[in-house]
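Next, two complexes with subunit A in common: one pairs it with subunit B, the other with subunit C.
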Partner chain A sequence: MTASLRLRAGLVSLVLLAAFLGIWHLATRSTGTTATMSPEYAKLMGLTATQGKSAMPGPLDVGAKLWEHLKRPFYDNGPNDKGLGIQLGYSIARVGTGYLLAVLVAIPLGFLIGMSPLLSKALDPFIQVLKPISPLAWMPLALYTIKDSSVSAIFVIFICSIWPMLLNTVFGVASVRKEWINVARTLEVGTVRRAFTVILPAAAPTILTGMRISIGIAWLVIVAAEMLVGGTGIGYFVWNEWNNLSITNVIIAILLIGIVGMLLDQILARFTRMVTFPE
Partner chain B sequence: MTDKFISIEGIAKRYPGAGGATTTIFENLWLSMARGEFACVIGHSGCGKTTVLNILAGLDAPSEGAVIVDGQAISGTSLDRAVIFQSHALLPWRTVLGNVAYAVSSKWRSWDRAKVKAHAQKFIDLVGLSGAEHKRPSELSGGMKQRVGIARALSIMPKMMLMDEPFSALDALTRGTLQDEVRRICLETGQTAFMITHDVDEAIYLADKIFLMTNGPGAVLAEVVENPLPRDRGRTDLHRHPLYYALRNHIIDFLVTRSKTFTTEKPDHDPRNVPTVQIGKPGLSIASSGEEPRQTWMPGTNPGLSA
Partner chain C sequence: MSTFDNPFDPNRKLRAGCVCGQHGSDAEHEQATALYCEPVASEEKRYEGVVASALMRAMFPQDVARRAFLKSVGASTALAALSQFFPIKTATEVFAQAGAPEKKDLKVGFIPITCATPIIMAAPMGFYAKHGLNVEVVKTAGWAVIRDKTINKEYDAAHMLAPMPIAISLGLGANAIPFTVPAIENINGQGIVLASKHKDKRDPKDWKGLKFAIPFDYSMHNYLLRYYLAEHGLDPDTDVQLRSVPPPEMVANLRADNIDGFLAPDNICQRAIYDGVGFMHLLSKEIWDGHPCCSFAASREFITSAPNSFAALTRAIVDATAFASKAENRKQIAEAIAPANYINAPVTVLEQVLTGTYADGLGGVKTDPKRVDFDPFPWQSFAVWMLTQMKRWGQIKGDVDYKAVAEQVYLATDTKKLMTEMGLTPPASAYKSFAVMGKNFDPAKPEDYLASFKIRKAS
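For the complex of A and B:
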């Protein structure tokens, strides 16, 4: 029953994809000769003027270009011409570094805040004010103090991914069932052992959910951050190709950003499943 | 009472209420138990039964008074006093064995893995869960979960067991079986047990002593009823005992009417000397002033119908 449902859903997905690609192709294809001009002039004007082709690339153009990129993902022809693999690698490395730093800060801090009602109340106003700040708003401050654009981008990732993790950890730790805590108390389990054997496993699903939200936000923010700081990364690539007026490359980059984002989310989803327990 | 294994001495529990007033759940509560005794507390919701149990467990602190267990005032929780929770409170990410082993390794921290496992296994076998060691709590029925709770409590070999309505969430059949198990285990191990229940029959079957509490707030321990049934009572012929109905009626009368009116009817009730009711022994029953002699069972009459 479920297998057939999955099969039918897959079929519908394929049909939708085919329809989308078909409409895209029809909308951007050449309509035939629109103006007669000397061949040399026509060469200068390009297909848009002579054949009525849309300036927007069609799926076949994008496919061909994508294939080119996939064949050579790691070439490096200087600062403005690097393979997509290298650009994505830079972005993933920045996200990974900023995100891991955020994990190292948010989870222990969240534990402390969640276990202490005093700290929870005392830090709440700060968190409430800091949380809604757009991570890019930190960028000038980061550039001014850190004086390194690449590290600044990492800092921006750090600051944007810390809040969901921190808040979820606080919530998860603070809402561990009283009875589980009481079990640990009646067994005279010490605070540290209690934190690791009762509170951590009980709060783990909530913490992992926060981490999953964070990685999503971090991947959203890195594109914008790299557009600002420039140099390397998939965000820079998008802006650079816009300046080159290569819409094909922009579309390819958009596609790849989506795919990498999905993979990052799936990895965290798998971790979440590992720590989730049925009640 | 010569051997006071547990002595609750004048405890009170108060909570700050609205507008600076304090709400007193109970105060000046005195209660004692001998070693190896099985006591049940009966009273309506809100009379502070669970609070008394939590104070005994060390999970809650009394606003006044002290609790002395085995000659020592308690402060906080202790591995000597195991708690069986109403909601079984198993850790859902651990297996049956993991849950019991967690308690065992908390008590004996220096034990190695194999020793902890063997000890835990012994208690899993004791409650009849052999074969289910590697199941998670979510895969168990309510009765099996509570068995794990019992195994966990027993595995640390406590001096006493505290049970907060341990069987109230179970169906009647499972409840009966588990009552049998608990009774057998407590008799075998000479465990001192303190149990809260709403179920009069459960109290009669399990308890040596039944504590009756009046309604809260301002609840008091009204009477201590000694169970006249023999220690080796059986579930099936319990109700044939000549004193069974007299005892049952006494408790139900209390719950239905006297728990509400007790405090007004007996203003001179001394919480330090709570009357002990001995059903079937008129000479020894409450001899407090002003009370009419209680109708007691006489040989040859049917106490259940006459009361």
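For the complex of A and C:
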């Protein structure tokens, strides 16, 4: 039954994809020659103006260009023109650094706050104010104070991925079932041991859910941050191609951003499954 | 006598009178022949000329004696005789290298528009390398970012709009940090583009209520567009909408009908035409022929901490600018700067901008070889003009010491010295008057000039 359901779902997915590509192709067909112009003038004009080619590329253009990129993902033509593989590498490295720093801060801090009702209450207003700030709003401040654009980008990733992890850790730690803690207390387990053997395993699924939300946000933000800061990364690639009004390349970048985001999410989802336990 | 005259020419006139014989003095001649960076056939020849002429003059300080000597033996014999006991070739090499740069690996930021041509082309065409530098040119997302990155010292020097270093030095829109302009990048090379639907609205008087885009508040584009509108009786602050829009988004916005037109740097103008969304209403050259647009800027701190690097960098830029000013080199430059690593635009578009034979978007092909031109000399009168406009539109309030600011930011004296060392002929004065839309500007009387405008922001 499940096998056949999966098969049917896959089939529907394929049909939807085919329909989408078909409509896209039809919608972006060229309209044939437009107004007549002298050949000398036409030579100076783009295809959009001379052959009525749609300004939006069709799926075939995108496919051909994508193949071109995939054939040589790691070329390096100087500081402003690198292969997609290298650009994605830069972005992932930035996200990884900022995210790991956030993990190192958020989880221990969340643990402390979660275990102490006093701290939890005292810090709550700060967290509530800081949490809803759009990470990109930090960018000018970061650039101004840190005075280094790549560190600023990492800082923005750090600041945007810290809150979901922190809140989820606090929540996870605070809502460990009282019975388990009481049992640990009855058995005279020390605080440190209690934290690692009782609270951590119990709170782990919640903590990992927070981490999963964070990585998604971090990946969303890096693209925008790199568009602002420039230099390297997939966000810079989007900006550079936008500069050239090459919508084909922008679409390819969008596709790749989606795929990498999905992979990052899947990795965290796998970790979450590993620590989940039946109650 | 000009540094670059042939010292081996026995028929050269005596000091009184100029080289060409048509003017009373050298200074007059220099002012009359207004091309300041006419490059010489080959680099080596130029330096060799400078060295040889210095040598010749050292041996015969009296012009009369030198001429007598040259007449009696002939120029080639004299040169051969000199080279016998003085290694002109080696001296030339030593001279061309000047002081060793303190810092060889430099980062220079640029915005991908044709204004940055000298900065960009100097990398692929080896001008930086020739002056002993290893420069990485880094594409940057926008004017505010390039400003911040240069202030933060991520870039050693950068491509900026000509008014930006003045604005930064005055602390407008940023902390006041002393910035300098050793060289202007390009002159002319901008344009007013209107959406195709405004084909019949060619008279600016009909433009009330239209929306225009400019690249940045502190830009020549802003001042020129405001000037143009005001001369036609429109108040740019109340009769039209002006928006700061990053250049690449201008074309997209024009296509989406969000704006009616823009005064933008080139290749953006030509790109709008190339994509069939707009037409060229007017080249900025027609507002003010020879106006500066972008500059090559560095902080004063960079100059004091690495004077030789700075000098080498300026030399490379001046060199590249001189190369770019020649029409026959333009096609080759267009190909060098088109790839994704640099401007990232179709070669056809860049060629149209640089060679000046372009489609106007209305079905015609126009030719204007001076559509964009390159002249590195940082005229201080340019800075004074920009300051008058900054004050006119309320960007600066209160009194302005025009001359002091211009001289602090636009390094005419230093550039003049460098250009002379390179065997180029810079102009004698750092101030010149010019006409903007037929109205004369006298750099000595900025306040009178400012007072002569009817339309301005009330201060």
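Going forward, the second predicted complex is superposed on the first by the 259 of 279 C-alpha atoms of A that agree within 3 Å, B and C clash if a C-alpha of one lies under 4 Å from a C-alpha of the other, contacts with A are read in each partner's own complex, and residues count from 1 in each chain.
The definition used in the following text is that a contact is a pair of C-beta atoms (placed from the backbone, for glycine too) under 8 Å apart; a residue touches a chain by one contact, two chains touch by 3 or more.
Everything numeric in this text was worked out from a predicted model, so none of it was measured.
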{"item": "Touched partner set for A:Leu228, first subunit B, second subunit C, both or neither", "value": "second"}
{"item": "First (subunit B), second (subunit C), both or neither touched by A:Glu188", "value": "first"}
{"item": "Touching partner for A:Lys71 - first (subunit B), second (subunit C), both, neither", "value": "neither"}
{"item": "Which superposed partner A:Trp180 touches (first subunit B, second subunit C, both, neither)", "value": "first"}
{"item": "First, second, both or neither for A:Pro278, with subunit B first and subunit C second", "value": "first"}
{"item": "Most subunit A residues touched (candidates subunit B, subunit C)", "value": "C"}
{"item": "Subunit B versus subunit C as contact partner of A:Thr197, first or second or both or neither", "value": "first"}
{"item": "Subunit A positions touched by subunit B in one structure and by subunit C in the second", "value": "none"}
{"item": "Contact footprint of subunit A on subunit B as seen in their complex", "value": "57-59, 77-79, 81-83, 85, 87, 89, 91-93, 102-103, 106-107, 136-138, 156"}
{"item": "Residues of subunit C defined as touching subunit A within the complex", "value": "112, 123, 136-141, 145, 148-149, 152-154, 248-249, 251-252, 255, 271, 273-276, 339-342, 344-346, 348, 352, 357-359, 363-365"}
{"item": "Of subunit A, residues touching subunit C in the complex", "value": "34-35, 37-38, 40-41, 43-46, 48-49, 55, 77-81, 143-144, 147-149, 227-231, 236, 239-245"}
{"item": "Touching residues (chain side subunit A, partner subunit B) in the complex", "value": "177, 179-180, 182-183, 185-189, 197-198, 201-202, 275, 277-279"}
